[in-house]
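Pasting a structure here, questions to come.
The first chain written gets the first letter, and so on, giving A, B, C and D; residue counts start at 1 in each chain.
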Amino acid sequence: MKLFSQIVGVMLMTTALAVPAFAQDVQGVSDTSIKIGTFGPITGANYAFGRLTMNGLETLFADVNAAGGVNGRTLELVRVDDQCDPAGAIAAVRKLIFDDQVFAIIGGSCSNGVMAAKEDIEQSGIPFVNFAAASNNISAPEIENIFTSMLTSNLESALQAQYLSDLGVKRVAVVAQHDAWGSDRHKTLLPALAEKGIEVAVDEELSMEANDATAQVLRVQGSGAEAVVLLSYPKPASIFLRDAARLGFTSSFIGTSVIPDPVAFDEQVAVPGATDNFVTISPSRYALDSAEAAEWLEKLTTKFPDDEPHTYNLYGITAGQLTVAALEQAGADLTQASFIAALEATSGLETTFAPGPLNCETHQCLQAAAWIKRTPEGKTEVVGLSTLD
Amino acid sequence: MLSVLLASGVANGLLYGLVALGVVVLAKAANAFNFSQGDVMALGGFVSYAVIVTMGYGSVAALPIVVIVALFVGVLSYLLLRPLMDAQHAVALLTATIGLSFLVKGTIRLIWGRQGDYFAVPPLVSGPPIILFDGAVIIPLQHLVMSGGAVLMLALFALFFRFTRLGLFMRSVADNPRAARIVGIPTELVLCSAMVLSLVVSAVAGFLLAPATLIFPDMGFSLFLKGFAAAIIGGMMSLPGAVIGGVLLGVTEVLVSGYISSTAQELSAFVLIFVALIFFPRGLFGGRSSRSV
Amino acid sequence: MAVPVQSIRSAWRSGSWVYPVAIAVVVALIGMTLNPYLLFLLTRVVIFSMLVAGLNVLMGYSGLLSFAHAALFGIGAYVTGLMQVHLGVPYPVALLTATVGVTGAGTLLVLPALRLSGIHLAIATLAVAQAVHWVLINWSAVTFGAGGFRAPSIAIFGLNATQSIFLTSLVLTTIGYLMVRQLVRTSFGRKFVAIRDNSVAAAANGVNVTATKTIAFALSAGCAGLAGGLYSALLGFVAPESFNLEQMILMKVMAVVGGLGTMLGSMIGPALVIFLQEQLRDSQGWLEIIFGAVLIGFVLFLPKGIAPLIYRVLAGKRTETVETGPRTGQKVGLSAPTDRAVEN
Amino acid sequence: MLDIRNVSLSFGALKVLNNASFSLGKGEVLGLIGPNGAGKTSMMNVITGIHRPQTGEIRLGGIDITTSKPHEIAERGLRRTFQTSLLCSGMSVVENVMLGLEPQPAYGFWGALVGSPKVRQWEEEARQKSMEMLDWMGMAAFADRPGSSLSFGQQRLVEIARALVSRPSVLLLDEPAVGLTAPRVDELAEKIVSIRTEFGTSILLIEHVMQLVFAACSRVVVMNAGEVIADGDPKTVTADPRVVESYLGRGYYAES
């Protein structure tokens, strides 16, 4: 019978640990602080999309806290690593909701991870602002508690098609990497191009592992395409541009929001002149080297001296400003419902870096993007802002 | 188009061949395989980045430092894995090298992981590409250096095995470990040098490859896999076979990509591995008899 | 002590089903009290136990190295999820089809490779795994490509989705555990160990080496397929990166840490590794280094894993048999010189 | 019982067996001797299907087994031991012996999975038989020890038990006396003789230790450089000048 009583003892103990202590009325909110959770890859290959965006968010929170917080409460950020893996994202989100008991989640970097965790977010009703994952399916169709401050893949594709159409391009080549992000972009770009009457001359793959793009360049070169859309991370895109330069292939090259910094990209390509005809799209209207970003750049480097500053920091700042604005709007009597209502009511919110005012009526708050080029002097230059016609 | 494709296929293939050389050296002398070879290759790239870009020395300075780092890692790996380096521990050794691969990759990420996502290493030589036959063949200097370096390494290996005492020892241990021990060949030394040599050649391959690509901590594994495929195609026991296997793989990849589909490029290496293993278990150049069980 | 130690020992020894089932019941009761986060982790442990039990038959008992298990696990998840999504088949039917299908597919894929052994087999399975991954990503008409798809979750007895899949997984894993444990205690288990320790001697004693390898592979593929089907319902979202090589390495770490060639190790390994993984969720880049060090450390210093230590505690001083013997494929020092290898 | 006719085997340019022929009669204990590298073990590997000869034919009880696989040959009733003792380290001694009974378990995969009564019965009987066999070899006391914990000589005896437990018609022993002391060799010789008398097994014995060959064998075949150079009763054969020249050497008579 002793064994039995031991088992019962273990069960009771576990129950005691598992049942949350209801010390406060609203989860994650005390009189002095608001606990906000964030998840994304902090380590591993995709750390930039997670950790660096979190750095931006945390820098903004620190800034707000230094100025007295939101309605007298300071913002506290809890980071959880999802390692960019669906199971990891589910565990991370559940940890934030049930273990850390945060008030809201501002995070998400890998589309598949967020998609896997979406059901939990939906069911728990916790306010969620996606800050870096691109997939349109995260926020569409609209779900009550899910918002996004990132440029969605649908919008980015539509804006790219519009840009090409404005240039008068009739035939384009697409060079894509076939991972979750790349295929999501690919899937939305093809119909967007078709809608603008632009023909896809060739559709090539260039993987992350590739160290050579000779075959792809030759095929694109032979296709008579007037412009090339590079749906890839900086690495494959650089390989492509290097090989294009060496094979004497010049064209207009269109980048994506994962290559938001054409100056850094030019350093990666490292072939003089290879990025002269490269224009990229960004969810940020100022680059890190601009005068407008200088103040933030300093705060970021002071707070996170080990991490190289990166455009992804700025996406975190945008998400943070949206969050803070909505928290202020929701007032001192903060609940998850009032925060969600405040988010939804956000309209015409000007942030430091978003290329247009944030309107969260459709829950996809960012509806504009900037076009960025590298100047011959090696500075970034915003060559245009665009919103969908 | 074909000539351009072939030129780049050969240049890439020679690099696969270099990794394959490392695979074969270790397989021959110690009958072992080391999963961390690809990560040491990445390490070679990162060390040359540190020397050339961060510290601002020239490429000439990078090579000896890459070799020294690889020697260090190699000796360390040997000391760590020594208890497992015999035929009875083959599976355990392989598992341990997977751990080693994680260690090396994790260390790379710890040192360089926060400084950016992908690093560009400047070319070893700069200048316009060599254009032959009115532009029918364009060979970038970097490819020429890569190919030249790979061929040079192969030649050094051949000389080493033919003319040095250690090389002779390694050959005889490979042929018959039992007999080698009986006649007094220092087995320990041979195993250690095989491990070190295979990692050094990988790191040098990383040094040669780095300027042609962008380096990132996870780059190693797929390169190791391709080097391994090259070694298998070449028969696992033959040094020239390894290099020819590498070239064959590089050319196949680029031809598949150029004439069939760039999506199928990644698949071609795996198909080649499988086909080679099943239909040419001794490789195209190997000549060892196998048992029926 | 109300329950005499002696009777516990003899129950372990006889391979009675009572203790595993009692443990499963306790785990079930504890599980039902846990919050969704902890229950999710516990269910992962349970599902990976099933997978690692199969992997153990292959790696631990038979000494065959496979890198295909993450891919087979993936095929199981994809078949289960896709049959529900595309064909509207109920979950149990989809799960069964996936299990049978992966058993068949795994065997077929590896049949030509079974002529190989050791590292060559490992590399052949690695190539198969990478090819499967490629297909999952590129056959998007069926698999939904790299972006993955939402797989239906299940609900039984009016419980929530996580609790339902937890109980289902626990029941199936317990049954699977008992069956595999039963199998390795019969002549099949002896054949597995024989081809691992010395396939030449095994063949000379009438063991059909190829057939035995095939059975080991089929069995472990079946476990992977079933585990994959359960995983699909647990995650509710199936995407290629859940089944890549990193996951494969994780499975290997689980098997090695738990104890190769012990059934108990198949349960302990996943628990420890998943616990460690969660503890390291907020570590800054040390995950790879720690897992690498753990793997090397175990192979070098604790090659039998943790399970034998637990057996020793549970069952007192026991003799080593199929269940507890050395399992890492290494031979314990012979008392006589061994340099007279078989002449060939 | 076992007929080897004109068997040749080569590895590349190296000719290991050259047109070798001999036969093993029913109930006979035949010694196969020769210098190192004469091809004795290769011959054994060819007979047991580990290597396939390029030419020639091997018959077991009148059936051609030249191209059969090792396990098929074992199932036909031919078992062997190895030069180096090869007990499975991961199993207990008795489990090692039970392995010798594996080809004919009376149950299938599904039965084994659910542990049907038939399985238990077979396992019980197999353990019984194996224990009897171990007992006969005088090794019953070690039944539950791990295979690898035994001394070299003990492992050898267990290995013979494993080969014998299925009552094979032919038994091949590859240098069973290696590493044994002289009194042990005599015991082993006695055992070998009683294997023949008790089980009617025909035995082919490869051996360097002439003490054992003389004590156990009724006939001796001598090989050198892959060829059979002599075949006859031990006394006659060891007196053959060619045999003395190639193998036994001048010192042989002085020693014995």
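Please note the rule applied: a residue touches a chain if its C-beta (ideal position, glycine included) is under 8 Å from a C-beta of that chain, and two chains touch if they have at least 3 such contacts.
As the structure is a prediction and not an experimental result, all values here were calculated from the model.
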item	value
Chain-contact steps, minimal, separating chain D from chain A	2
Most central chain, judged by mean C-alpha position against the global CA mean	C
Chain whose mean Cα position lies farthest from chain B	D
Distance from the mean Cα position of chain B to that of chain A, given in whole angstrom	37
Distance between chain centroids, defined by C-alpha means - chain C, chain D (Å)	38
Length of the line joining the C-alpha centres of chain B and chain D, rounded to whole Å	46
Where chain C touches two or more other chains, by residue	138, 200, 203, 209, 285-288, 331, 341, 344
Per-residue overlap in chain A, given as positions that touch at least 2 other chains	43-44, 47, 178
Shared interface positions of chain D, touching two or more other chains	49-51, 69-70
Contact footprint of chain C on chain B as seen in their complex	33, 80, 83-84, 88-96, 98-107, 109-110, 113, 178, 181, 221, 225, 228-229, 232, 263, 266-267, 269-271, 273-274, 277-278, 281, 291, 293
Chain B contact footprint on chain A (complex, rising order)	43-45, 47-48, 178, 204-207, 209-212, 214-216, 218-219, 222, 233-235, 238-239, 243, 246-248, 264, 267-270, 306-308, 310
Chain A to chain C touching residues, read off their complex	1-3, 7, 10-11, 14-15, 18, 20, 42-44, 47, 79-81, 83-87, 90-92, 94-95, 97-99, 111-112, 115-116, 118-120, 135, 137, 178-180, 182-184, 187
Of all residues in chain C, those that touch chain B in their complex	59, 63, 65, 112-113, 115-116, 118-120, 122-124, 126-128, 130-131, 134, 138, 199-200, 203, 209, 245, 249, 252, 256, 285-297, 299-300, 303, 328-331, 339, 341, 344
Touching residues on chain B, where the partner in the complex is chain A	1, 4-5, 8-9, 11-12, 15, 109, 113-120, 122-123, 129, 138, 140, 209, 212-214, 216-219, 222, 254-255, 257-258, 261-263, 265-266
